[in-house]
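Order of writing sets the labels: A, B, C and D. Residues in every chain begin at 1.
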């Protein structure tokens, strides 16, 4: 299932792709609803047993997805609505978060806009652990504060260390009791880019995200509960090719011969129909990966104005965390 | 020819594609050689008349391309060799550059790594115009200095102005007599990404580069000679799809049926052969553009570690300009 | 008056210092009030004739100062109040701003936190000029938009050009009818640092700000009305020394001999009294400048966490401009 | 000795100040020489016993200081000379560095230029630990590599954690056997700013540097040997005041009465002489600290173009580390 994992970091996409192909999805429960009239759609994918985990190539647990088409745009009201929705769903995953000692890890490369979500979220947090350590919880200066620390350790090419190693070390030394990891994700579909926020209590799977993380970050590896918040900011190049191929085959099927140069007696429509039937979505994707220039494996596809978008989205996530961890401020 | 322009900013690639299709290339002269044993290959494409200009969709003039496979890597010796080769070729385009009053424009968006070449080059230049204005050319403090000013005005989404407008204004006020524009380019082939430096005396064509520039920057628009230096740092998504499609068709042709599910009596190889024949490279590319998700048009494909690469490449270009403009320092 | 100008960029401080020394202030009208219960104090210094201009070393015109102690801190409500107060006062200086074609110039060095106010404000603006140029004012996509462009050209050491030259050029090419310049200022008093916003319809005086600008930016030099918005983010080192000296003299006067080593028969208190009488504030400042290490002239004094503060303050200013220029969005 | 520690992070300055006052310096050995004709002056201060440690307020160990007036300027030859000198002295402190598993910690705040030395040095290092972990030491791809990892964890206000805690955790998880910490320092004298590099085998003392570190980073706290490399990039404001005061007193003593307004019968020269005698340098400094506006305690004094200077200096340090750790590349 390794390749499946690199294809999408969104449990929702995995579930959709699996059920499209297989018709049903054992071991997985899906619940969907609109969040009032905010325009935000909530999907909760619960992988309840090993069958479900194997089917989707993801760990057992809760995956809550907010689909918020206005996430990447600038409107203040929308951002407020999304912030509240994120906070509300995070509270479902960790009801007592404001009483916990929370470490937030901003995963990713601060220098590359699509990978900078985590570090930018960490930048905007209201950090209090050092104040509570110095003044105690009962001091005037710390009144109403939750306990938050943060680390944006950079990526392996910059540090030579796994992010998981650095976090595990910091956790052993500073003893938080909840880890929130924030990371950029890879999506399968252009339509989800910068519009979807996934929150899960499973942490981060090995190989997920934009970078080259080999080990996962979860309760098993760091020793405390882990909540992961991610937004897909890139699509992998093979997904683009595969999608376009599918559109081409559909177009060929509907439109008849595309070119007068085409002289085959069978005609392209029939051939396309057979070719389209010959591969399902997953097979076509894997084929595309195989056919692509190997150098493409280390590339990603991202919008030209990602620098602006990532700035706005990071504020939305950090404000949700701030409001949850410091509810009395 | 508009679409052709978005396909590649490299005259060399345009020439290659045109002659592959048409066999010959009227109005264009190509000269190639290896630069000693440096591993750098030099190609000079001279578009000498309007026929050539129309054929390649580029302005008449000199396009010098350095192909330096080691450009993106860190080795100090290689960088020195490339720096010298860039300086040598720039000197062919502007022999008296050290006597000129040079304005360097760093085009692009500083916040997006693949588009940051121009701004980073501007950052590393040795800026002297204000010193010469203050102390004169004969002062002790300005001894040996050429006259260099620089501007990195940002992209239209940040300024609301065309880069060409800002530059034309600055040129009228500060009266340089040579403009060097440095910009990130889009390439057609993965193999040219971060390995090729193009220098031309034609300036920048409308629609070139990564951003959404509508007007060109050339002697016609800014009133003084313009030399453009560019490095391809992105590929447009349609090019990736088109390339992979070609590889697929080739693979199908050679390998026979790919899947046991394939049941057509004619067999895929024959169909692929006909399909491959039905489109040339340019037609396939345009078809892919049409089939792609429209949102993909505002996306680009770039390596995951572009932040490191762009830093190194910007030093190479800025050192070449520094050594040419201030030869006595 | 040149030295006076480097001492403080705030007309309010100049007025206070002048009247402390001279008792009265001809040619200057001062109006003060509290802005409701917001905690913001407004002072309007109007220099109405040449006498006043000479006395304060500042151009004739309106200088509105908001004193907002909570400006540098993080509270969302306070920021909203300040944003509204800034917008309200700007509207007094330019009542029809939303109907104008506005160019905002973010003056200063983006790489140095205390000097980055202008560039960061420019980053956060909602830029629309290019959309209005493309689609016109009656299009669906531009409905409700005011016309805003922006430029953050960098400082002279980076460009080799005066900021005023670059702006004049851009103004001639793109024809805005109002220029707003945003800049970091130098204050005389620690108590004003990051707490005061000055708005004036006189533009920026020669030599003002943190950088080494030689020419001013005003209607006289750029040809269109200029509103300047500034926040003091640094104090010059001589001011610090002078202040401390004054505190020392006061302390000596009050406290009697400071040290048992003191053996003079006259006693320090008497000497200090005479020394304190020997210089007024301005003379002491100029003496300190003369006595200081010459290298100190190119240094400034700034808080250790200026990076956080400047980020927050830039949002406050940019939101005020956004709300004024695009009132219907 | 706490205040003494905040006064200068340079053992050399501490030694000079102590011996000026006391005439001799027990428990400290000082060795000085010029590094060939490079213009670099080397001073080695060895604190050999507890008496010396108490006298200077610094831990026992070796403190090597390079005084390189050309450090902050751009010349390529000078930088090469300094790089080699730094590498040479580091090798004295850790002769087998290329065989060690080295973790480099870039201490400080990346967003504030004077505090960004450490993070920028970390950015420029050639990081290899992850490659050696993946491919082993005998692979083609790792040939000649030393083992280097790096971490720039940010400052306590950003993380809520002590830098020492984060490093200790990372060290326990990734098992390096030598820690190099790179940090910006505070100097006492303007003349040392951006011109002096201090290297020591004692690590970083509590309260040293620009930030508010409470705990030190040394073998005692992190469990492995620690080498610290620092460059003074700021002066604390009290030092500036104290220096200027001293210059004033000297000037008064030499020049006679400064003002005709002075009417005391004893005359200022005599008073100044007594006042000058009344305090030594250290007492005057502490007095100034007490007299200064309390807000000044969180401020620093730094050059206006620190952004350019810190960029160049970080390259010098990182190249020295790269050449030492990877001598075969």
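Please note the rule applied: contacts are C-beta pairs under 8 Å (C-beta built on N, C-alpha and C of every residue); 3 or more make two chains touch, one makes a residue touch a chain.
This structure is a prediction, so every number in the text was calculated from the model and none was measured.
Common neighbours of subunit B and subunit C under the contact rule above are absent.
Hopping across touching chains, the smallest step count from subunit A to subunit C is 2. Work out the mean CA point of subunit A and of subunit B, and you get 34 Å between them. Separating the CA-averaged centres of subunit A and subunit D is a span of 42 Å. For subunit C, residues touching at least two other chains, in rising order: 157.
Residues 109, 111-113, 115, 157, 190-191, 193, 210-212, 237, 240-241, 243-245, 247-248, 251, 258-259, 261-264, 266, 268, 270-271, 274-275, 277-279, 283, 287-288, 291-293, 295-296, 298-308 of subunit C touch subunit D in their complex.
Of all residues in subunit A, only 122-123, 127-131, 148-154, 156-162, 165-166, 168-174 touch subunit D in the complex they form.
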